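Structures are listed in the sections that come next.
The same subunit A turns up in both complexes below, where it pairs with subunit B and then with subunit C.
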Partner chain A sequence: MSAAEEVVTEAPAIEAVPKRAMTLGLGTSLVVLAALAIAPLFVKNFIIFQMTMLLIYALAVLALNILTGGSGQFSLGQSAFYAVGAYTSAILMEHFGMNYALTLPIAGVICFAFGFVFGQPALRLSGVYLALATFALAVAMPQLLKLGFFEHWTGGVQGLVVTKPDAPFGLPMSQDMWLYYFTLVIAIGIYIASINLLRSRSGRAFMAIRDNEIAASAMGVDVALYKTLAFGVSAGITGVAGGLGAIAVQFVAPDGYTITLAISLFLGMVVGGVGWLPGSIVGSAFIIFVPNIAEGISKGLSGAVFGVLLFLVIFLVPHGARQVAMVAQQMLGKLKKN
Partner chain B sequence: MTQAQLAQGHAPLLAVRDVSVVFGGIIALNGVSFNMNKGAILGLIGPNGAGKTTLFNCLSRLYQPSSGDILMEGASILTRPAHKIAEIGIGRTFQNVALFPNLSVLDNVRVGTHARTSSDIISDSLRLAWVRRGETETNRKVHEILAYLDLENVAHTVVSGLPFGTQKRVELARALAADPKILLLDEPAGGLNHEEVYVLGDLIRRIRDERHMTVLLVEHHMGLVMSIADHVVALNFGRKLAEGTPAQVQADPDVIKAYLGSKDQ
Partner chain C sequence: MSTIKKLAVVSTALGLLAATSTGALAQKKYDPGASDTEIKIGNIMPYSGPASAYGVIGKTEEAYFKKVNAEGGINGRKINFISYDDGYSPPKTVEQARKLVESDEALIVFNPLGTPPNTAIQKYLNSKKVPQLFVATGATKWNDPKNFPWTMGWQPNYQSETIIYAKYILQNFPNAKIGVLYQNDDYGKDYLKGFKDGLGAKAASMIVLEESYEVSEPTIDSHIVKLKSTGADVFINITTPKFAAQAIKKNAEIGWKPTHFLNNVSASIGAVMKPAGFEASQGIISSAYLKDTSDPQWKDDAGMKAFDEFLTKYYPEGNRIDGSVMFGYTVAQGLVHVLKACGDDLTRENVMKQAANIKGLELGGLLPGIKVNTSPTDFAPISQVQLQKFKGEAWELFGEILSGDVGG
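Our next item is the complex of A and B:
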């Protein structure tokens, strides 16, 4: 009869999981945590660096997951938020001599504000149109960073070199190992806070909006506010990841934060399972290691091999790591019964 | 509210004043007025396209009336955005069920408490003590409502997998969770069988009596409206056709003509 009714009955664009299934059980969480805590003791510094990047990208994928899996908004612009976070940390450290750890909350707050403000025009868009608008942001960001106007701060095309911090209190560990544990603590903190958020009144408001905006609004949910908050939270976490990335890589440059990064993060989210937060680390592993594996199989055709591998994953497990985890859980359940 | 009503001492809880809605060139509602008194069950009837749902959507601020006013306890609701309607005590269900399909029954009903609770993203992320206390209180209330509507056994089930009748009850539970003063029910009997309709009628009356609510019922099912409504408003082609007790409206020649067609057709 009317436009409003049509919207009400429309199915949600994103298949999502109920909240209970959004997390891992306590036992599994502890096993994963123990593995992450012990692994660096047995590997070389380069592998430790890669594991640090694994955690950093996992944070960025988690941030996108809160936005897309939680509130139902697409973004192909996460690389822009990541870049702003990275440059904030780099500039504060190199120009103001600020302690690296202190730059991270500042990067988070600046990116939260950036995401919140960007979320305002995004309110008028949804689905593929929102994806396009965020895509524009990702395309624009590297060029904005190269602008002569900001060059004094950003270093222009050259970028900025960032000093890698030493382990504090004279701890007997390498810079890489210290940074890994530092990142691990932050990642665990953000992961727990994200789960708390999605399980709370605010998180329910996000998911209510994702599932049915009109009904959410009738329940008193300020749809515009929570949609922009979701953008802010997502951008804020991505900014912290960007800051950590700058410290780990010891370098920021505009071409490190192109649309390719945004697409990688999107890929990571899909491979990990949309709306399943623990999947973020699996998605992150996919975007870091699978290109290397593809290169190992064929140097000249690494892109094609990567494409085939990606296609296989999407074809065999369309719901990503979440689906694998659920199948594994069912099999374990059967084993216990027998 | 007018001076006369103040003098009488029983101002209506909700007053619809001369409301018109025009979509393009189509007049969906044309100068409709009626009052709802506290504790009443008001039935809004009319053939398809009579404007019942349009009126409902004006009450929940999905549509802006072209003219007229809607007063809740004497104050206009038309200055409020849609998300600030629940907090003044207007709750609703939807014609075709508008639940959050991927959430559990429990979470759907928890969202219902949104207008009656407060939080911010930082406190929620840190799960501060006052947030935990609020959640405990929310859970207590939600479980009370689930028990009231006999939904405890499906509390953890995702709603998209539930039968239609159960989904309708979940929607009712979600509306009740906001402690509304007025409950707007858009065709609650749609898709239910004879026995279920009977049970529903009983339930609506119980909700009115035990939870002290006023009910506006849009319904096609004449039997249901006539058996539980205290007062009936009949609409046709966007105009008010008749108003009165169920018996009066049922006997109204215009209403009979609208439903059955006139003799000379």
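Our next item is the complex of A and C:
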């Protein structure tokens, strides 16, 4: 059997999502945005910190969503890109005394390059094989960070402690609140850019590849270029998220970026709805808060409780938050008619 | 003057101010987490994830505080033990520590486990002036009261243990050819550093091979064969229990009989010596500070009897031969001692003050003669160990109680 036949007979890994269905309506977006902007004024610093982490993981989930939902490629290696971003920011801040805000674009660019290069082997692999190749990357990363060769920069197993930035211009807000708004602005910027990317020529090329690679190449889409590009963009955004994560947590260590993180992000994408970008934040909330809820129910069996909750979600709403949102929209529509 | 030092001075000044202004009104003083009826103790453990075997420590502590509460609490106050899971992931540890301090308002964060998780929260807790008391890791850096006045260790640190072995080797085997096997992480490297420091200038000539393994390797047999081929006659075995048992077994299989030093981490009869085989384990030298629960010599010991009583009554599901149970039991007793000493002054500052003022405390789980000692400049509560040799089916203690204090 030739390679071409193999591709044709393979069932599509990702259900095609029309591009309009990838975003929220303008009104809903504004309501969500307003909620995100106002909420921190009324809650404790600890909750603000959790909300910051929510946005950061949402960015990482969004990046995976562009890769999987957009171009149809799997990745279980996002934790590696996240780690590279986190370490880039941490090393630039601590060893070179660079301003935290400036480290983020650098983390993004380095991760973009890293993802683009890693995307090359991805050209030859698809489906579960690609997932396994990226899995290898995620497993290798914590050990690479511990290598004695890099230890001078990475701090080895001890990790690096990062200084948390104060609010600039003497703004009367806590470090946590400043960091939250800083993250929020970046997250909104990346969200809008991502939507525009998927609506652009490149985005259409991604989706054409996702839906049918051979048809896409027959139409003149440079499959190799766009596949690696998707990897690069996804890795770049994940890198920025990683950098923000390092600043918020104030610490980087190899143990923070194990395969568990990659699986969590993957989980977040599925729960949020594959290919539905606004779902990223729902998926992120799931991976941050549900383990806490599970722990509250039973400490010894927290993993099992988490499993049951995850199973319920997948069983009841297999398309994740996207499905819930669509049902809600239909119900609203009916109400309006009545 | 460092910022932290400045903070410390300011806080002391504020504390004095507070003491003088309210002293006349009432004797009782409380920080968040303490009241007339309860003391909130926060804790973070890896109940899930790669290090979940250590979660037993948290469960034992919880059971011990249940016992304390059932017996009337501490100076009439009940302990409210809030323990969270971090899965041994530092970002999660930060989240849980902040939850404990800012949401639950615990008085202190007690015995969080693991070097990376504790490193992640050390700066935060010190800036918030919340005690990070008796951390469950043997890294050497926790004894640093100057830079981190709110962080205190507990167990003998890794470096001091290998320094003791090094001294013993210099005395008894001055011409030894030493082969070292260590786990390639912070724990293994800390031990190795202590050992080399202990040998001093002779380290380069005496050590013939430093071999490391990854914790993810299924077996370390090939490393043992390599070590044997160097002709080393002293073997320093810095491995965790599973690998320690493999090493002992493999040594016997290939007929390599060096003087074998085994780190305290793996000196468990139930988890290492028994699975490896008693015959292969004869003559192994190690060190200890806790009584081994599977060692028959403590059968009629008062401390061990109290421990067994506690297990039957409050923690029947606990695995008696798991070394983590004895660890959790002992460190919980240490905390109770500190809280009792605080009296009605349950401020975070006073908790640290009392913790830094433990003199000659003896606990039932510690070997006879080993005492808990701290001072404002010594934040390493247990720094004594005793050497022991494996004989028959038990450890035989020998020599004096040794001390190897190392600062962070």
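The rule is short, and it goes like this: the second predicted complex is superposed on the first by the 326 of 338 C-alpha atoms of A that agree within 3 Å, B and C clash if a C-alpha of one lies under 4 Å from a C-alpha of the other, contacts with A are read in each partner's own complex, and residues count from 1 in each chain.
Here is the rule we go by: a contact is a pair of C-beta atoms (placed from the backbone, for glycine too) under 8 Å apart; a residue touches a chain by one contact, two chains touch by 3 or more.
Just so you know, these numbers come straight off a predicted model, no measurement behind them.
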{"item": "Partner chain in contact with A:Ala216 - subunit B first, subunit C second, else both or neither", "value": "first"}
{"item": "First, second, both or neither for A:Lys146, with subunit B first and subunit C second", "value": "second"}
{"item": "Contacts of A:Gly300 with subunit B and subunit C, given as first, second, both or neither", "value": "second"}
{"item": "Which of subunit B and subunit C A:Ser202 touches, first, second, both or neither", "value": "first"}
{"item": "Of subunit C and subunit B, partner touching more subunit A residues", "value": "B"}
{"item": "Partner chain(s) touched by A:Pro318 [first = subunit B, second = subunit C, both, neither]", "value": "neither"}
{"item": "Touching partner for A:Asn45 - first (subunit B), second (subunit C), both, neither", "value": "second"}
{"item": "Contacts of A:Thr258 with subunit B and subunit C, given as first, second, both or neither", "value": "second"}
{"item": "Subunit B versus subunit C as contact partner of A:Gly245, first or second or both or neither", "value": "second"}
{"item": "Residues on subunit A lying within both footprints (that of subunit B and that of subunit C)", "value": "none"}
{"item": "Contacting residues of subunit C [partner subunit A, same complex]", "value": "47-50, 59, 83-85, 87-91, 94-95, 98-99, 101-103, 115-117, 119-120, 122-124, 184-186, 189, 214, 216"}
{"item": "Footprint of subunit B on subunit A - complex, ascending", "value": "1-2, 4-5, 8-9, 11-12, 15-20, 193-194, 196-197, 200-205, 207-208, 210-212, 214-223, 229, 233"}
{"item": "Residues on subunit A engaged by subunit C in the complex (per definition of touch)", "value": "44-47, 49-50, 53, 143, 146, 156-159, 161, 245, 249-251, 253-256, 258, 260-261, 291, 295, 299-300, 302-303"}
{"item": "Residues of subunit B touching subunit A in the complex", "value": "23, 48-49, 53-54, 57, 60, 62-63, 82-87, 91-92, 94-96, 98-104, 107, 110-112, 114-117, 119-121, 124-127, 131, 134-135, 138, 156, 158, 174, 178"}
